[in-house]
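Note that chain A is present in both complexes that follow, paired respectively with chain B and with chain C.
Presenting the complex of A and B:
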């Protein structure tokens, strides 16, 4: 009995620290979201649901959510397809695999802001090499950062360049840990590479796929530093994601209370969205093996 | 014996006093610091007499070089002279506002001196210490032009310590206007003589003509105009410059941004809309990627001869006029009739009609410059004000203004003298005369536009630029975009309080209406 009490005594400081670090900021944000704290109204002055009512009809917020969802969906889709393809390519290449594993980690290790600056130079309409390269193939120059669709594509290209390696590493690790028996069985059944991929590799990799996708969806949805450095949300509002919009509302305009309500709303939408996505994916992956 | 010793000691002390001059009298400040010290309480010599040993102030300023570099430089000198410690914290422009407002609002003392946009004065006012009278009485302060004294004043109190004066004005690379071949081609195309433009219509026509070909003769493609368009940069100033002459009517008093009586936003009136429509079209005459040009890109683009004309700050011009510039003394400022572009039609918000003018009506924009002040929470206010006094003394200002990247621009009456620029910066008579003419034109204009210096100005400006950016990118028509902005401005005004904004805006209207 005494021993068990000691156990709690030692446990409590860590728990309290954890609560203070995780729970307190969240509760404080909720409190802020019900306040009118702004540049000229300081403090937790209660405004009820006013901020949420405004948020619901704020077109800029919903537009930024739409931009974010489209951007994230495309980023993660490309990263998954490319990362998985690369992992399959290097799966059984022992020596090359080691080299490329190290090589592919490099983009992930670079600070996004720095890379955005480098990419901005690469995509620069007159000074950057990208249009020169296109010119070699007879393709006319593209206004990468000054027209809406190319600017949107540029953000995706940078994110895919930086984070495909994350999917690659996870998928490669997953492939290397797969059991041999299903492959032997497929071979005996006369399955070719495509059938083996569809009916053996893909279903076996489903749990890792789900984990990788959810992690990337969470990370991509916070896309802010690249946007900040590369496009400032422009041209127009074409690359304004929710995180960037929250930054502008909160720290440039100093609408602290309102931004807190947008953050909470954003958090709820993300939690619901990710839960629905994870559930749907789990269901799909349960179906996939039975189809086989 | 004792008396002898005392007598000798006394004599020795007296001799020391006579023959050991104080540091202030022996140091050659001009040689040591590379400046020309001018006597006064802010001078190097007088600052040297102050002793702040054991004391420390912290300054938040912009990143190096613009304003960050001169603050760093003069802080080190101040430390050497006074023995005090000056800690300088740098932040990019986009971060300054929050870094200042968070400690202000939460009652923390972090900075003794804060730097930022002078147009934030409405938000800063409750937290800044008024400048004491003894500093207002200095020659340096009295020499500041009335417009910039007004910019630093809030409800009759001088809250910002003036060390910079900014303006947006027309500047151009002159040789192509003299080229006979250009004159001939221009006449053939437009049916009129090629001349330095005086209105926005002419500006856009000249920009169109000079866009997309090598008029410089260096084998590169050049363009008509470089402006600051990048969203969330300082493009709001360029937008204001673009709309001012269409929307600021010299015959209508009582508010450019709002109708002071009704507090109806004017940001979507036909004058603003026309300015925006023309700006959208002008994108065609800007260098590739021009829609993403911030102030740095503008300085290098126009300063490097990529385009013919620009209508922005002094920095690009001062940069182009530095001794190492390939276009030094080939650039001029101001049109033949004023510091900026004018308009033959100006919207009259009272009659709701366009007023026609025989000569172009110009509305120069006294754009925000750097503003700074001593925080009320500072425990070393005297040292902080002495630092400001030293920072903006004649010697330092005269030095800093000659270096484009420092971001210190003319703000004193004594700067409106061609000799000042010819001797100090090596400018030609023609360039110096055109610059001084522009400065004086700005100073004497009675139809100027100032920033919207009210609480929540960042909300107003980001809302405005969100709409403007949509129009510039072709996402919305200018009228629809500015209608959206006006609706948001109405909401912001109601949220802050109509009377609060009106009272604050009266400070701006006083400047606009030259009261």
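Presenting the complex of A and C:
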């Protein structure tokens, strides 16, 4: 560590910027959540816990939470399995690997909402290629965006298309940085590919798996852009995620105070959920079968 | 043991996933050359065989909106401006902070360096939907709503955690002896940082820059809620085109034009990401 009285010059500009633009709004949101700010009544008038009392029994809010976490769980599960599998397939490919690596990370680089515009045309009921291709196999057309389960599936398919690439590149980077010795040991012990995977690769990849899953859970809990473009939360409210609901309540209906209380609840649930998940995963990985 | 079946399956899987990945781009590409008859009679794919290609979809992007063109050049330029400015500010503030956190020890009550780094990174947890209302009111009160300055401020704070995350990890790999030698030679810490350490951090800076560009170019929620007429950014513009019943060919052309810079970035990003540097950040 270096010593210098100049050290604050480095840290403070960014820290102050962040505190001003994140912490202030957060505190302000807490204040708002105790106010009755709405279209008819602008300003911070104290209403106590009224917003929270309303929020806790708002079925729409809990439904949106359920929708969000069902979506997130399915998306992250598929993305993890597919991303890890693709990384394993390309792990030892030196030459052809480059081509596929570039190709496979393109989805995570492109703008989700703009791709959602393209996906909307793909899933169009009569003019889109999705139903057309299904037709080649004799499958009758599906009303992708206007019936409940297919709309839900569409959101998941698009998310998996976009973010499997993220898990893939993280897992590939992890695989490439693994030490050689455990593999040599496994080979000497005569372990086949499946046993090598279970006893060597999987435990060694545990830390990066945890990191990748936590990042994906955080990012996908914000799921909203795609929904906005694709289904507007519909049909009904079947694909309405919490972020989308907050947007409608807050910036469309201008129920500022009430939305602030929903935001705080959402944030608390998210943070508690993430902490519990990370703790549970860490414990699970510690007792996972290990090569040592 | 390598069975031919295993190898066949492996390439089949890679091929299938490749098709899935490129399908939306190919569909948008072929659609962008269509006209009425290629779209309204069901899905068509191959130009000249299934439909007669035209350049109308792309030409509309360059025509004046008054003559049936698509208003996309203005938002494109606006997105370039905001992305460049926010990336630059975030890189300057973020690398300075990351260098500080990597080289000096800080203490704020119980918080130490690792806690401060975590504090920066943890800001990614905040959903834009939660921040949007206070941002809206904050920018409104400072008359920065729907201005370039306001958007750059919001985007910069969105990017800071990413820069700090990438750069703290990177600076930790640059030996501290380098700094010590420079300090002994009479550089002050700022000179040491700018003249000695930063020039040795090319790859880290490239990754941070590329990630910043991707995140700010693709940002949608703040762009939609905090800017309307004065500043029009690309993602909301394309989404609005979609709801305004713009024909599919122009819609596809503008979507492709919007994501093209990001596809090029993916090519560069791959070189840096798959070298194991990223993996170390988790250990």
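Note that the second predicted complex is superposed on the first by the 273 of 292 C-alpha atoms of A that agree within 3 Å, B and C clash if a C-alpha of one lies under 4 Å from a C-alpha of the other, contacts with A are read in each partner's own complex, and residues count from 1 in each chain.
Throughout what follows, contacts are C-beta pairs under 8 Å (C-beta built on N, C-alpha and C of every residue); 3 or more make two chains touch, one makes a residue touch a chain.
The shown structure was predicted, so the numbers you read here are calculated from the model rather than taken from an experiment.
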Counting residues of chain A touched by each of chain B and chain C, the higher count belongs to C
- request: Look at A:146 in the shared chain and tell me whether it touches chain B only, chain C only, both, or neither; answer first, second, both or neither.
  value: first
| said: Output check: A:185 vs chain B and chain C. Expected answer is one of first, second, both, neither. What do you get? | reply: neither
Report task. Answer with first, second, both or neither: which of chain B and chain C does A:251 touch in the superposed model? Result -> both
Request  = Figure out whether A:268 sits in contact with chain B (first) or chain C (second), or with both, or with neither.
outcome  = neither
Problem set entry | Partner chain(s) touched by A:22 [first = chain B, second = chain C, both, neither] | second
So, does A:81 touch the first partner chain B, the second partner chain C, both, or neither?
neither
Could you say whether A:134 touches chain B, chain C, both of them, or neither, answering first, second, both or neither? neither
Quiz prompt | First, second, both or neither for A:126, with chain B first and chain C second | solution = both
The shared contact residues of chain A with chain B and chain C are 126, 251
In the complex, the residues of chain B that touch chain A are 94-95, 97-98, 101, 105, 123, 230-233, 287-292, 455-456, 458-459, 462, 466, 469-470, 472-476, 495-497, 500
As the complex stands, chain A meets chain C at residues 1-4, 6-11, 13-15, 17-18, 21-22, 24-26, 28-29, 32, 82, 85-86, 89-90, 98, 100-107, 109-122, 126-129, 131-133, 161, 165, 169-170, 172-174, 176-177, 192, 207-208, 210-211, 218-219, 221-222, 224-225, 228-229, 242-244, 246-247, 250-251, 256, 259-260, 263, 266-267, 270-271, 274
Note: in the complex, chain C contacts chain A through residues 1, 10, 13-14, 17-18, 20-25, 27-28, 31, 39-40, 42-43, 45, 93-94, 96-97, 99-101, 103-106, 116, 120, 123-138, 153-154, 156-157, 160-161, 164, 176, 179-180, 183, 188-190, 193, 214, 217-218, 220-221, 224-225, 234-236, 238-239, 241-242, 248, 251-252, 255, 258-259, 262-263, 265-267, 269-270, 273-283
Residue positions on chain A within touch of chain B in the complex are 36, 38-40, 42, 60, 124-126, 141, 143, 145-148, 231-238, 248, 251-255
